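Attaching a single structure in C-alpha cells format; questions to follow.
Labels A, B and C are assigned to the chains in the order they are written; within every chain, residues are numbered from 1.
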Amino acid sequence: MKISEARKIIWRMALFACFIIASGTFIYAQIAYNSLRAHRTQARQVFLPSSDVVGLFSFGFKNFFADMFWIQSIQYIVTEGLLKDSYMAEYFDIVTTLDPYFEYPYLVSNILLPRYATIQDAQRLSDRGIQFIPSSWQIPFYLGVQYHVVERDYANALRYLRIAEKRPDAPPIIRSLIASYTVRSGDIESGKALYEALRDTSENEYTRQVADAWIRQISILESLRAATLLYKERYGSYPADMRALIRAGFLDEVPEGLENFTISIDPVSGFIQMR
Amino acid sequence: MAVIELRDVTKKFSGIDAPVVNGLTLAVEKGHVFGFLGPNGAGKTTTMKMLVGLARPTSGSVSVLGGMPQERNTREKIGFMPENSAFYLYLSGKEFLSFVADIFGLDAGIKNRRIADLLRDVNLEQAGDIQIRKYSKGMGQRLGLAQALINDPEVLFLDEPLDGLDPLGRAEAKEILMKLKNAGKTIFFNSHVLSDVEDICDAVGIIDKGRLIKYGTVQNVRGNHPDLEDAFVNIIKEARRYEK
Amino acid sequence: MKNRILAIAINAFKESMRDRILFAVLLFALFIIASSLFLGTISFDQEQKIIKDFGLTAIFLLQIFIIVFVGANLVYKEVERRTFFMILPKPINRAEVIVGKWLGLGTTIFLMTVLSSAIFFIIVGLKNGDAGGFGPLALAIAVGYIESLLLIMVSILFSALTSPVLASVYTISIFLIGHSSSLLLTIIQKEPNVILKTAVSFLYYIFPNLEKFNIRNGVIYGVVPATEQLWWIVVYAVAYGIVLFIAAKIIFEKREF
C-alpha cells in the first residue's frame, strides 16, 4: 500500500472517530443537562405580555389570538392556575381584551377569581363584559352572587344583581335573590316590599311560597327590632344579641324560622343583620 | 421614405458619466434591411430598446413609421425579437404565440391560421405543442422570430436573430428574412455574424462606444476590404486610434 | 383593451397557479382549519367558536401569504427573466399590464378562497349541524377578499419598484400598519403636541386603514355591519385601489428596461 493511500485511510478513520466521539459527547451533555434541571426546583416561569401589548400587536387576528390564549389559559388553570399568585386574572384579561364579546371567560373568571385571586380582578373583567355584552345576565349575576358568597358584600352584590335583573331573559330567581340580599344587608323594609312584590307577581308557586316564608321571617325581624328599641329605652344601650333580649324578658325564645340564621345587632345603631 | 429615423439621439444612464448612445443619427428606408453592427457594449441593444419603446432617449428624437415608439399605433405595426428571447417556460410554443396574438387582438380564425403558418415557416410545426422549457436554444430563437411576426408587422426589429442557430438554422432564418424583405418589410437588426449581414442587408451602420462611426450601403462600408468583417474590424480600430 | 388585459390576466393566473408556494400556503391554511378540530375539544365547550375563528383566520392568512409571496414576484420576475421585453413592445399599455396582473392574481386568490371556504363550511356544517351562520361567515370572507384585492395592488406597486424580498417586506409592513390604525388614532387623540398630532393624522389617513375590512370578530357572534357601513368599506377599497393603481402606473411607465 502506498504511503498516500495509508494516510488517506488514517485520516478517514480519525474523522470517523471524531464524529462518533462528538455525537456521543453532545448526547451525554444533553442527558446531563436534563438531569441537572430535573433536580433543581424550577421557579414558575410564565411569559405573559400585558393585554394592551397583545391587543396592539394582534394585527387583525384578535379573535384567533383570543382563542389561542383561551386554550392556553385552560391548560394553565389545570396546571398552575389555582395556586397562589397565579396569572389567571392576566390570562382572562388578555382573552377578553382581544375579544370582549367572548362571554365564557367572564363567567369562568367570576367563578374562579374571587376564590383564587381577588374579587376586584373579577369585577374589573366583569365590568368589561357588562359593557360589551349587554344581552348577558349571567356575567353580573355570577359576580353578584360571588360578592354574597365570598365577601358578604351586599352593597356590591345588590348592585350587580340589579344590573342582571334588567338584562333580557333574566330568570325570576334574580328578583328573589335581590330581595334576599336586601334583607341580609339590613334593609328589612325594602326587603319585605320586594318579597311582597315577588309573591304577588310571580307565576311560579314555589317562588310565591318562598317569598311568603321570607315575609313571615321579616315580620319576626320587625318584632325583634321593636324589642331592641324597648331594650335600649330601658337599659340605655342595644342588646348584644338575642340571648340578652330573652334574659331581659323581651323575648321568650329564639323566634321560629330564625334558627338557621346568625342574627347580629349593631351595638351603636341597633341595626339587626341576618346572615 | 424613411420609416425609421433617429436624430441626434443620446442616451445616458444615471450613475454613468459617458452616454451609452451619443448623438446617433440614422435613417432606414422603407423595404430596406439595415444591419446595426458594433462590438459588445457599443450601444446596439440600447438603441433597439429606444426604437421599440422599452427605453426613452435622454435627448434627440426617435421615429418609427412617422410616430413615436411609445404610441400604441406604432407598436401595432412593428415586431420585436429581443436578444436571448425569454418565454413563459410552462407554455407550449403554440400557447405562447396565442398569448401574443391575443395582445394584438387577432380574431380566433386569423390567429390560428397565422400561428400554424408561422410555426411551419420557422420549422417548429412538430414542436408547437411541446413546452418551451424543453426547447433548444435554436428552437427558442425561432420561436422568438415567430412571435415577432405574429401581427404581420411593417417594420421588424431583431436583436441578434441568428445567435445560437446552427448553420442550417441560420440558412432557414436568412431565407425568412429574405422573404420578408421581398414582401416589402423593413428590417432593422443587430448581429455579430457579419457574413450573413453582408448577404441580406441593404445598408449597415457601425457603432462603437455609443457613436455611429460608419453608415451606408454594404458596398460603401466594405470599401476596399475583402469582406465586411475585415472592414468592420479595421473601421473600429481606426476610430479608436483617432479617439486617442 | 379588454382582450389585452384578459390575455395578461390569464397568463398571470396560470403563472401564479403554477407557483409551488401557493400549494404550500394552501396546505398550511388547511392545517390550521384541521387543528381547530383538535383544539376545539380542549377549549371548554367553545368548539364552535374555535372552529369558526380558526377557519376565518386560515382563509385570511392564505390570501395574505399568496399576496406577499406570489404577488411580490409578479412584475419583478418578468423584468428579471426579460419576458417583459417580449410583451411591452407590443401594443399594450403598462396600465393594462398592471390591471391584467391584478386581475390574474385576484382570480388565483379567489379560487383558493373558494376552495378553502368550501372545506371550512363543510367542517362548520358537520360540527354545527345547521347552515344558519353561513351568511355572516361568507360575508366576512368576502370582505376579507376585498382587502386582499387592495393588497394585491400594494404588492404590484412595490414589485414594480424593487426586488421580491423587499417588495414582500414592504407589503407586510403596509399590512401591519394598516391593521394598527387604532394605535395611530389613539396617539392622535391623546397627543398634545400639535405638530406631532398633525403628522400622525397625516400618516393615519395616508396609510390604508385595513382594520375596517376585519369583520371576522363580529360575525362569530352574528354581528354583521350595517349595509351603509359595508358600502363605505367598498367605496374606500375602490378609491384607495384607484390611488394605488395610478401610483403603480406612473412608476411603471417611468421604468425603463
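Definition applied: a contact is a pair of C-beta atoms (placed from the backbone, for glycine too) under 8 Å apart; a residue touches a chain by one contact, two chains touch by 3 or more.
The structure presented is a predicted model; accordingly, all values stated were derived computationally and were not measured.
Pretend subunit C isn't there and tell me which chains still hang together through touching.
A | B
Taking every chain's C-alpha mean, which one sits closest to the mean of all protein C-alpha atoms?
Smallest offset from the overall C-alpha mean is found for C.
Report the inter-chain centroid distance for subunit B and subunit C in whole angstrom, where each centroid is the mean of the CA atoms.
It comes to 41 Å between the two C-alpha centres.
Could you tell me the distance, in whole angstrom, between the mean C-alpha positions of subunit A and subunit C?
Distance between chain centres, rounded to whole Å: 42 Å.
Measure off the straight-line distance from the CA centroid of subunit A to the CA centroid of subunit B, and report it in whole Å.
83
Going through subunit B residue by residue, note those that touch at least 2 other chains and give them in order.
If we look for residues of subunit B contacting two or more partner chains, we find none.
Within the complex, which stretch of subunit C touches subunit A?
So the residues of subunit C in touch with subunit A come to 39, 42-46, 49-50, 53-54, 56-57, 60, 175-176, 179-180, 183, 210-211, 214, 216-218, 220-221, 223.
Applying the document's contact rule, which stretches of subunit A touch subunit C when the two form their complex?
Counting only subunit A, the residues touching subunit C are 56, 58-64, 66-67, 70-71, 74-75, 99, 101-102, 104, 108.
Can you list the residues on subunit B that touch subunit C in the complex?
49, 52-56, 69, 72-73, 75-76, 78, 80, 82, 84-88, 90-91, 99-100, 102-105, 144, 147, 157
Mind listing the subunit C positions that touch subunit B in their complex?
3-4, 6-8, 10-11, 14-15, 18, 81-83, 85-93, 256-257
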